[in-house]
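Okay, so chain A shows up in both of these, paired with chain B first and chain C after.
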Partner chain A sequence: MLKYLFAKNEDIPAGSSALFFGFSAIVWFVIGTGLGSFNAAKLAFPDFVTGNEFFAFGHMRQVHVMAVIFGWISLAFAMAMMYITPALGNTKLWSEKLGLWNCMLWNVGLTLALTLLWAGVSSGREYSDFPWPIDLYIAFCIFIPLGVNVWMTVINRRTQGIYTTNWFFAAATFLVIIVFLVGNAPEFFHLTGLTEAYLTWWFAHNVLGLWITPVAAAIAYYTIPKITGNPLYSHRIGHLHFWSIVVFYSTPAAHHLMSAPLPEWLKSFASVEGVLILVPAIAFVSNILLTMQGKWHMFVENLETRFTITGILMAIPLNMQGGFQQTRAINWYVHATGWMVAHAHLALLGFSTFLEVAAVYFGMQTILKRKLYSLALGNIHFWLLLIGFTTYWVSMTIAGLIQGAGKIYEVPYIDVVIVEHPYMIARWLGGTMVFTGNVLWLYNMWMTAREGTVIPEGRMAHELAYER
Partner chain B sequence: MAMKFDRPLYSLSSKAENDNAKALWEAESLGGMTEDNNRTPVPVVLLVILTVITAFLMTFPLWGQRPTAAIYAEYVKSMNSPEIMAMTDDTAAMAKIVQMNLGKQQPSKWNYDGLRERHPVTMDDMRMIKRQIEALMAKGVDLEDYTVVGNKVVFANFEGNFRADGTRERKQPWWDKGYTIDIFYLTAFFLGVTIVVKCLPSYKWQPKHNHDHSYESDHHL
Partner chain C sequence: MAFREYKIGARMFAVCLGGSMIITLLFPSITVAKSTSSDVALDKSFYAGHESGFSLEDPFLLGWNKPLKVTLKVDPKTQQPMEQKTVYVYQPGTSFPASIIHPRIFGKGIEELSLQQGRVGEAKRESGAVFGFAKGAFEGQEYSYVENLTATKGWAPADVMRVAKDEDVLHAGAGKTMFVREGCWWCHTMLPEETQDWQVFGAPPMLGDFNAESPTAFGSDRKGPDLLHVGSRNSSREWMMLHFFNPRLVQPHSIMPRFDYLWGEKDANGQKIDFDKWRAEYIEYRDGKRVNPPEVPAYGKDSEIRYLIDWIMSLK
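Let's turn to the complex of A and B:
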């Protein structure tokens, strides 16, 4: 792959940058979930690896979070954009070379950023933990080149219309740049106090709401109609989904700070908008599930469809939680408990990861023109992810409710810690299953590239899944 | 593109524009993808309406708005009364203060009984915030601008601009913090989306997907 970095753009095979992004994403997924499993082990067994500050929970927790968000999830998004955007415009990617450089700079920058975080060089702001020079690097060397490639591909399309997925891709790449530059303003301009708190959560909320959620949804708008062969149920619902994401997801930052002394009007406004994130969720879920009409057998038979639909079904509890847990009536109880940790994993490891995994499976096979090396390993990957995630989510949700009760009824903290112990073990087991599944996935995709059965011209990988 | 309002519920586009859109919709291949033109199903519309209603009911400030310094101002005054100062039992003294101020007309036209009930305090709590509230009262500021956070009284709740005579231009009642702006915001959104969707050909028309688009998306790979 590296040999193409200095080749002429026209000499680089189509799909090269998507492959580079795809394999990078899987490697970061293995690293990110491996760190997660390690961190969970430290919570379950407090004597596990002590005596070295680099392996202290406080050093490693944010490395796990950032590796997963900016390694796995964002790189998988970039992979999807690199092959879906041109496909939907009946054209080639605007610049494979820019894509390859983008991916190389992404991997180098992220490695440096996570090393700094691991060493304790941090802004101290949750979700925007990177120090400000890294924030600028991410904006100018990662997201802007990615956006340029997507926008230019859309501009140079050979269609008159733009399919729904590409609305989301083009808008989300623009919005994430704004989110990075504005959301990190407290570091650039040394803003403190409530302004810093507000912008920290404006950033954190919008990385989820204007980057992860819309791009994951955009992927489903591609994979489900593409694999099932059904038309997207409704172009009109697509409009409702797109605009409600932009309008309702961009405004509820203050609902992360319901107990802070922010103006009450701002919190009420944010809280109403927070419940209204159910509008895009309803639009998205209904549109995709209705697109499945007549093809529900593929939910069982087809790996990519199973991953995608499972992710979409997870969007239902995700948005029910997200919409209501931020209201004053519920927030006082679940705030700062394991409930939130469970919810964050439902968003990132449940909903969005399942959609991205499908896109990477589908894209890799399409670009490599090779059938998946082992469908059995693919199925094992699915079940390890699903059972592992569910174990994690259920255990942390229960743990969070116990912590909430302990907080409200002023139970001594150490008593709550003792009661939490079995749930911490369940969390570690669930996380480790996810990690194990991802190691198998990396092996499966590597072998697909090397030894997967070649797909004949004019056929698609999933059509041949059960053929030898 | 000029909008036509002769049949607004059918389509806001002219017949020629709709015919062009229909022809393009059926002929064009977006990487082998096709889309239908189904309307948003009625249950989904009802669910969206239910969500909007729930959003307002669920976030009503009754449920946990932070206490302002104003709701404790009368408590502070009561603490200085000889009757309370003579009491040695803090619990009884606090109960007496609460009882003395029940149903009392407030300087603001809003009755604070409900808010006080939701934010009960002890004598120790009151001792920590008493001097801060007295200092603010001496300055003559609007105590509803200030929020009680633990043992601190902080400026956190800007209630609106002042006129030259010192009165407020407009002050939101306690039950309307942020809701009017939300109503405007929602109205603009739903109006905007309705216009966008109504510019499409009517949902009564469905495209025919006769043209095989299946493999066109991969031709460049």
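Let's turn to the complex of A and C:
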């Protein structure tokens, strides 16, 4: 990578930035899930590694969250943008050099940011924990260069129209910059009180709704048609998805604070808009599943399709939960319980991660022009992720329902803690399986780059998956 | 982007996003800006100071640049006993709360009273100030307002600290910073919910309870009890001390981490704390080889755990 940072743009091989983004993403995924597993162990066994503030739960929990969101997920998004945007524009990436610099600045900045966060340098605001100089760095050195590269590639395309995926990429990179600059306004301008509380959740909601969800969906709009060879079922439904994301997903931030003293009209409005998130969700899921017509055998046979479709199928319970758990009728029971933790993992580890993993698998093989080193390891990775996640989700959902019952029946809190203990152990086991799967993945990808079978010109990696 | 469709699309995008920003950012901020600080908000914002999270004045969240909450029993000028009064001491250089910098945050009546009767506009950061609360009426309605005691009574921060005993001083502002830094809010919410929840954890907060507070740190993932009113449920410093050193001493089933590292190097008597010995003896106790657990060292008066417990004691 270093030798390309100061090379001429023309001399940098196409796909270089996607490659570095891809490997960085996997490394951050290993780090992020490793931290998650360690944190879960501390919840099950509180005296596991104790007496040192750097291994205290309160110092590590947010590092796990930020490492998976801004390390794994966002870097995998950048990887996907670096190879999908030009592919769909029938052109080259606008600047590989900018992409490589972006990747370098991203890794350096995130390492610094997470080190500070680990030491306790926090703004005290959930999901926008980074202190404001880091927020500015993320906006100006990470997301703006990424956006410029995507927008310029779209503008310099050699196709007439713009495919669905690229609308989402171009819009989401713009939106995430806005979200970072507006959502961190309480830190930039020292806004206080309920304004701060509300904007904290405005940020948290929109970073999910206007960055993670649409980009993950955009990736599936590319990978499924590309790998199955079926055209997208409906561009019209894609339009509906896109516009309903912009309108319905950008508005319900207040539903995260249903029990805070925000204006009642705002909570009711947010709650209604929150249910309307089902519009883009249903549009997206049905569009992708209908694209699979006639190719369902690939769900079994093809690794990337299996990852993507599993992610899409998980979007169904995800959005059913998301649409209704924020209404007052349900929120009073499940708010601030393990149910929400399970839901957050269903969104980020279930739905979103499975889509990105597929894009990284597919993209890496395409760019490297090498077949996956070991399909068996790939399959083990899939099952470790799926079983690990399911164990986590089921145990945390049950724990959350118990906690909710404890809350409304006014059970002394310690009794809730006692009864949750077995679920905390299950949560740790599930998280550890995910971590183990990712270590295998990193090894598999590394070996693919070094020793994978070279794919002949004009063939696609997945066509050769079962050939020796 | 030469297509007409894209021009229409870009404009539609601007309208949709702009509309959603107006509804979700502008409208709520109008309602929130009209709120009037409650007594709770006044107390919280004046003991916490300008900012409890990251700030350039306290970049590593060590409790720098924070005020002190002092219970005065002696008049700092005349040295005569007086009726007990809570004051907030901002040493020279300490940043003022957002509401002193922008008095609009107080809300209408309090803003007028604090500026005119309380003379908060005269407070200077360079020379420090002592604030207290008083009652007054504005347009026929009674409010608690903020009084700049340095201006109205001539009490300089140094005068107050000269007559205040250490047990009357709460490092609550530094303590809230410890709460943010140590991530207590990852497991303890600060928001009793508006359902049966509040019968155990106390009254849910009201609209004006947060003015000038930053960060509010409500928390969203409860793995321990809500703490908004914890000081009313349990006001024993002794219990807090044991519980922070090792929660399993007072609650065998607790999953809270140990915060023994907040004691620092030395105990209240200036003796070095032997953590390894303590932990070894605790394991013997846990395994049934000792009848009593080892003694928890008393914390020093400038230890971080003292700050944290001082803050917990202010959570009424």
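In the analysis below, the second predicted complex is superposed on the first by the 468 of 468 C-alpha atoms of A that agree within 3 Å, B and C clash if a C-alpha of one lies under 4 Å from a C-alpha of the other, contacts with A are read in each partner's own complex, and residues count from 1 in each chain.
Everything below uses one rule, namely that a residue touches a chain if its C-beta (ideal position, glycine included) is under 8 Å from a C-beta of that chain, and two chains touch if they have at least 3 such contacts.
On a predicted model such as this, the values are computed, not experimentally measured, just so you know.
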item	value
Contacts of A:A329 with chain B and chain C, given as first, second, both or neither	first
Chain B versus chain C as contact partner of A:S123, first or second or both or neither	second
Chain B versus chain C as contact partner of A:W243, first or second or both or neither	both
First, second, both or neither for A:A171, with chain B first and chain C second	second
Touching partner for A:L278 - first (chain B), second (chain C), both, neither	first
First, second, both or neither for A:F57, with chain B first and chain C second	second
Touched partner set for A:P46, first chain B, second chain C, both or neither	second
Which superposed partner A:P263 touches (first chain B, second chain C, both, neither)	both
Contact residues of chain A, present in both the chain B and the chain C interface	160-162, 194, 243, 247, 251, 259, 261-263, 266, 269-270, 332
Residue ranges of chain C touching chain A (in the complex, touch as defined)	1, 3, 6, 12-13, 16-17, 19-21, 23-25, 27-29, 31-33, 35, 41, 45, 50-54, 59-61, 98, 105, 180-187, 189, 191, 193-197, 199-200, 204-207, 209-225, 247-248, 251, 253-261, 275, 279
Interface residues, chain A side, partner chain B - complex	14-15, 83-84, 86-92, 159-164, 194, 222, 225-226, 229, 231-240, 243-244, 247-248, 251, 258-259, 261-276, 278-279, 282-283, 286, 290, 323-324, 327-329, 331-332, 366-367, 369, 458, 460
Touching residues (chain side chain B, partner chain A) in the complex	24-25, 28-41, 44, 47-48, 51-52, 54-56, 58-59, 61, 63-66, 147, 149, 154, 156-158, 172, 177-179, 181-182, 185-186, 189, 192-193, 196-197, 200, 203, 207, 209, 214-221
Chain A residues touching chain C - in the complex, by the definition given at the top	42-44, 46-47, 50-53, 56-59, 61-62, 119-126, 131-132, 155, 160-162, 171, 175, 178, 182, 186-187, 190-198, 200, 202, 243, 246-247, 250-251, 253-254, 256-257, 259-263, 266, 269-270, 332, 335-338, 340-341, 403, 407-410, 413-414, 417-418, 421, 424
